[in-house]
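Look at the two complexes coming up: subunit A is in both, with subunit B in one and subunit C in the other.
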Partner chain A sequence: MATAISTAPDLAWTKKISSPQELASFRQAILASLDPNAPRIRVCCGTGCKAVGSLDVLEAMKTAVAAAGVDVHVMPEVKRTGCHGFCSRGPLLTLEPQGLFYQRVKSEDTAEIVQKTIIGGEVIPRFLYKPPGSKEAIAKVSDIPFFAKQTKLVLKRVGRIDPFDIRDAIAAGAYEGIAKVLAEMTPQQVIEEIKVSRLRGRGGAGFPTGVKWESCAGQAGRHYVICNGDEGDPGAFMDASVMEGDPHAVLEGMAIAAYAMGSDRGFLYVRMEYPLAVQTLTAAIRQAEDLGLLGQNILGTDFSFRVSVSTGAGAFVCGESSALMSSLEGKVGRPRAKYIRSTEKGFRDSPSNLNNVETYANVPEIILRGGQWYTTYGTERSTGTKVFSLTGNVHNVGLVEVPMGTSLKDIVFGIGGGVPNKKELKAVQTGGPSGGCIPIPSKFIDINVGFGKLAEIGSMMGSGGMIVMDENTCMVEISRYFINFLVEESCGQCTPCREGLTRMREILSRITQGEGREGDIELLEEIGQFTNNFSLCGLGTSAANPVLSTIRYFRDEYEAHIRDKKCPAGVCKPLYYYEIDSEKCTGCGVCRKRCPAAAIEGEKKKPHTIHQELCIKCMECYRNCKFDSIRIM
Partner chain B sequence: MKIIMDGKEVAAERGQTIVEVARRNGVYIPTLCHVPALEPAAMCRVCTVELVEGRRTRLVTSCNYPLRGDAEIRTDTPMLRQNRKVLIELLASRCPDAEALKELAERYGADLNRFPAEDRQCIMCGLCARVCERVGGNVLALCGRGVEIRVDTSFGRLSPTCIGCASCVQICPVNAIRIEDMDGERRVIVRGKEASRVQLRKCTSCGIHFGPVIDLGPVLDRAGEGGVPAFNASVCPACSRRSLARRLAERHFEQHAVESPDADEEG
Partner chain C sequence: MPESEATCCQEPEVDFVVLDRIIRDEFGGRREAMIMMMQTIQRRYRYLPEPALYYLSQVLGVPITKIYEVATFYASFSLVPKGKHLLHVCTGTACHLKGSGGMVRHVAAKLGIAPGATTPDMKFTLETVNCLGACAVSPVVVFDDKYYPQATVGQLNEFIEKVNAE
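Let's turn to the complex of A and B:
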């Protein structure tokens, strides 16, 4: 098996680009060397597809193309969005210039694809995508609703370029922004443009980026520009895809920020669990430095900016800005009280500007097209687009980029394709472990997703995680899961977070095991409010949100657990059992054959029964019954 | 700068923390992890107060919040009292017998037995670690994360850098750290576990052990010009006093002998 993606092409022999004009001619030269009608095969090499062997497919494809002797340029393509639910079924290919989209491709299929599609121009139906509930296969990327309904500003190059080859990125417009800034803008103008765009931090808090830059720029001392790539929310992979798929967007955004704030040093703090992002970023920095797009005297001007990648050590709390800076300094990653802002006294006690990956990735486009253009996307208070990672009980799991203010309905049903297995949608969890659960069905399905709106209903935007939950989700168990996650990830220094979370986990575990007591809900609320009020950092002050929001909207479910000792969703094992509805059961025997504990008995074509003492509650019968005859009691 | 604390205007200087202003003006704010000599860490959170800035009210910890402009502070609202009560109840499960908590429990009506006790003998105020960094040999630190966090030495081993100053013993509000001087060695024991062992200095005169043998370099560096001469002594304080007294007496008699030739007769 191939272990590494082709390493960066060596550009050290290339002359450094010494002016913005030279960058433009360099781009023209690359574009001129490309034939727009030449066939190109893009193999998705994102983490998801890599896991199912896309690197092997890439190698096999190269071999197949070489054997066939056609003139085609194979490039590895990182396309996280391409994973929309099919990651588990195999690597993805896109074929240019036809714009074909192939899924479930195996290494042994490559020769056939080269022969039939590339040479013969024929579409192979078995690789095509079929939307849920439709018999019609879709051949083109642009016709697939999942892609058609998105607006890609941040992800525009992700999946289209080879992240390990800067020439590809330059051809697609990378570094045009920094060239414009260096040629014709003053630092004040850059900040002004960002303020006009009303861009808000994408890390979760939504602080206006321009205001932050301005306050940092106004401070005396050496300035640092830091990028937060420590994306740790369960189920979130937006920043990973940007760093892996288009590292230059982030680097260019950081360089522009550095210019605006008079900084010459930047750091990318990337979590250790993203090895591919570290590879792509490191390669991208080296190539950009080789070409004079980063490092000393960028594009022949006086502006210098050196960036390096620093990896985290696996702590969720290091995504918090002060803990991140502490970790970057080599200390223990524990947050400090931010009564003096990082923009004043942050990394190494110097003015430091910290933004999220997605925030920086937005910057070059705003500079190129103007802040005013950016405000045409999104709503009045939340401009631009947001990348969400749509996961959970939804057909098209993947990354979606939509304008702010898009309704939940459009995201979950329009792009996500709705809930699989004919289940009811129960809730959507947003904002990671610090966010809340939005109950659906209710008026909230039409809520416009933006910074203000989500906070109003007790959840938050967070970094963009979005977990869809169907009717078989127990909300008590969900809140126990998140609290358990946070107990392990709390830094432990402040009392409310450390002690409060421990107690809440204890109470929630008790409830899910059927040992809930009268007064537990009130106790959870009391501790939860205390934790949110008195904690030191953002992790603590939002840690109780999963509990408080589920109590707020699903109180009856908590009560069912505590008073009736029942888990209505059928998740908490001691609190439910399965029963076969003898009127609906046709005696097909599927459940009997499927049951791993041999707990189901019954004659053919006669209603079956479950022996409760044998049942291990694995859900196998429930999931496989075609007649809906197995009920959760 | 106009600072209003609990409805009364109080004297304050720019940059002072809320707790400094409160102490100076006789306003009570509870603290567990704060001593004025050390950098505030804001870990125990019991000193949280309400800060009204214009139209919004924020909760801030008074030990480390620097006042930089006009502000109104409320130190004892029902909301604060309620949250402090829960805080003390939660902490009490770690350290049920701590006197410091009993006092606060009485003040805020907290039930020390509300949560099941797990006697960890430590309220995680971190004072020992902070004082050890400033005064001692940087031996004790907060190790681990989340619920696992604890005061310990590096890798839980006997520390070779301890200077045996016992600052940690002095500062611990729940008496979880003690020292034992035995067989010419000083042991620092943190929650029943030995953290370090320092050799004791033996008095060249009477033979008792009287203080730790330490590497003076770093201590003198920190103490600055003048240093701490007592650390160089080779005799114990008792013998030192005794020998001083003897020298004084000898000198007295010598002087007497010179002044009056018939001193011997008088003596």
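Let's turn to the complex of A and C:
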């Protein structure tokens, strides 16, 4: 998909930084050239904001600033979640040095903002954020609960720096970790520091990173350092925002890993659906090489490390480590059995270390501040922070970084702002398609989110997707949705996953179409357990989780579909219909105008009716009725 | 997306000089870069023309069956030409919760084609995509490379009408 980018500065003419010490003076020089009190406008250009036209706003802002003749530095702030759930209300701006937060900004507003806020120092109230249910507008970023309740370690630079300008990243502290490593640490010391931090892989399995590095470093042969940026879980975009917003954190983490394991070659495998991440990473690598922070003789030392970006071609299974390596080799991505670990024989049959984007992004800070410091965040068994992508039926959709062990309630209500449209919260789904649905309201709202806790209640951490579901979500249908996704994405080489999933989809489809039979639930449980027990790879052995967890917690809903032929949530089309409550209907006509099938009739200010034979159940009327008069029957 | 050589209705003439540039110059003829070569070829022709794959097989020394395996394994590759207009409906979880499944069914029924297929007049291709990462503005559709946040069924009808009017 076409994306306009800001031009990256050409640094090829610059002298390479020739020693770790020189990096510090380079940074000081950049900082000295910046006036901390200079006005600065950051335009969020993450995918969410871009979808609502932030690139136009960026251009308009540049033009407006030029026209006004003030000295302002316009930086594209690439933060996919940058919008923090306000994406739906348009592109975002932050204004420094005041720390103002403007939302729903349009191109035509830019001149006014420059005149009033930048030159006049005046806050324009209509751009400010109002929390749900509150009349008080909040002007400053730091006062908005969504931000105030987060702890940003991985995302600390995301949204603050221009990802296309390495000088910005260096000014904010990038590459200090690799400089420290090269100046004063041995590879063993690096591994030891990571072990002390008890950092666990953020891709889903939660394997201790230091242990993995140690076992890879101990192997003979050429070592490869690979980054898994194939964030395939639908509804998850944390890795994307790190790669798009702060590519240098990932590259620096990889370089440190390469030093620790004695590798000189790295690969970043990025999903093709993330064209912006490919652009930011490619630009970042080029600039880092120009400055001698990557490539040959990094910072004037003997250590060399070359990284390149490879793109996937649309296969969920390539997020699995052995499948990813096979895809990197230009082949189909099918997982292999792991009697021999990839750290012994992986990419090109050589020792290969694969970590997730977020894992690498954690590394530089651990090196700088020490492993012990890292353990002060999180819990005993899950240290540090975790980025979650909070989506679905929640007020503040966005990326949320919290210490491990934060309760679900704090995330969904404290930061997420709860469920919109006065609906009831029904479940929280974590762990991507092969994760599980946690029922709420129940005691689970207070559980502390960590690797162990989620597994205990039948879900998993996964890569960090967190999807909030309201009362209008049918759990049978959502489990059919996930299974259908997995059927399409199953690589098909092992029978339990290929056949088990297909059979489960058949049964679930039948149930959602009103043709469920007695015994279906038990059959699903049997097939599910078999699939989970006997599949080859990690994806297969968790593939039945959506079915098993929804049966475990929402069995009555399955029974309503099968026995009563009713879909209580109003999702499975043959099992419900819409009706207009004539008591509540004010005859405003919104539903009539919105209905794409012309199935709604009624006079102005009189109760409307739905012609059932015409209704296509698209939900348009239900979603848009302000008087709650459309009922699910 | 770069300019496409092919228009919708005619089989593109495969240009071997261009293929050479992609295979040998851009990717150094490395077997490992095969997926990326195929992506570049597809970007140019909007699908993978058979002669191009045979040529790739010959240059890389990879059997055509292996190339066919890769072309059919990965969802992004297409062995048939795409229509002039592309509609992607995101069916990621967030979009699904907001009714994107119904949108896909609606368009499919209206055009009489299955998701992934192209209308016989080669005007319209309907595709689903697993997640575009724009979950905050779901449901999202992408019509001819432009994102439409919080898309509605009415909007989809407009696209179809616009294309039919051409």
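Here is the rule we go by: the second predicted complex is superposed on the first by the 572 of 633 C-alpha atoms of A that agree within 3 Å, B and C clash if a C-alpha of one lies under 4 Å from a C-alpha of the other, contacts with A are read in each partner's own complex, and residues count from 1 in each chain.
One rule holds in what follows: a contact is a pair of C-beta atoms (placed from the backbone, for glycine too) under 8 Å apart; a residue touches a chain by one contact, two chains touch by 3 or more.
For clarity, every value in this text was computed on a predicted model and none was experimentally measured.
In the superposition on chain A, A:Ala337 makes contact with subunit B only, while subunit C stays out of contact range.
In the overlay built on the shared chain, the residue A:Ala315 is in contact with subunit B and with subunit C.
Within the superposed three-chain model, A:Ile447 lies out of touch with both subunit B and subunit C [touch as defined at top]. For subunit A, the partner with contacts to more residues, out of subunit B and subunit C, is C. Shared contact residues of subunit A, touching subunit B in one structure and subunit C in the other: 315, 332, 488, 491. Of all residues in subunit A, those touching subunit B in their complex are 315, 317, 332, 334, 336-337, 339-340, 487-496, 498-503, 526-527, 529-530, 533-536.
Across the complex, subunit C is touched by residues 1-2, 47-48, 50-52, 80-81, 83, 85-88, 232-237, 240, 272-274, 310-316, 327-333, 389, 391-393, 397-398, 429, 433, 465, 467, 469, 473, 478, 481-482, 485, 488, 491, 594, 596, 616-620, 623 of subunit A. Residues of subunit B that touch subunit A in their complex: 41-46, 48, 59-61, 64-66, 79, 82-83, 86-87, 90-91, 93-94, 115, 123-124, 126, 142, 144-149. Those residues of subunit C that touch subunit A in the shared complex are 1, 30-36, 38-39, 66, 69-70, 73-77, 91-94, 96-97, 99, 101-103, 106, 129-138, 140, 142, 145, 147-150, 152-154, 157.
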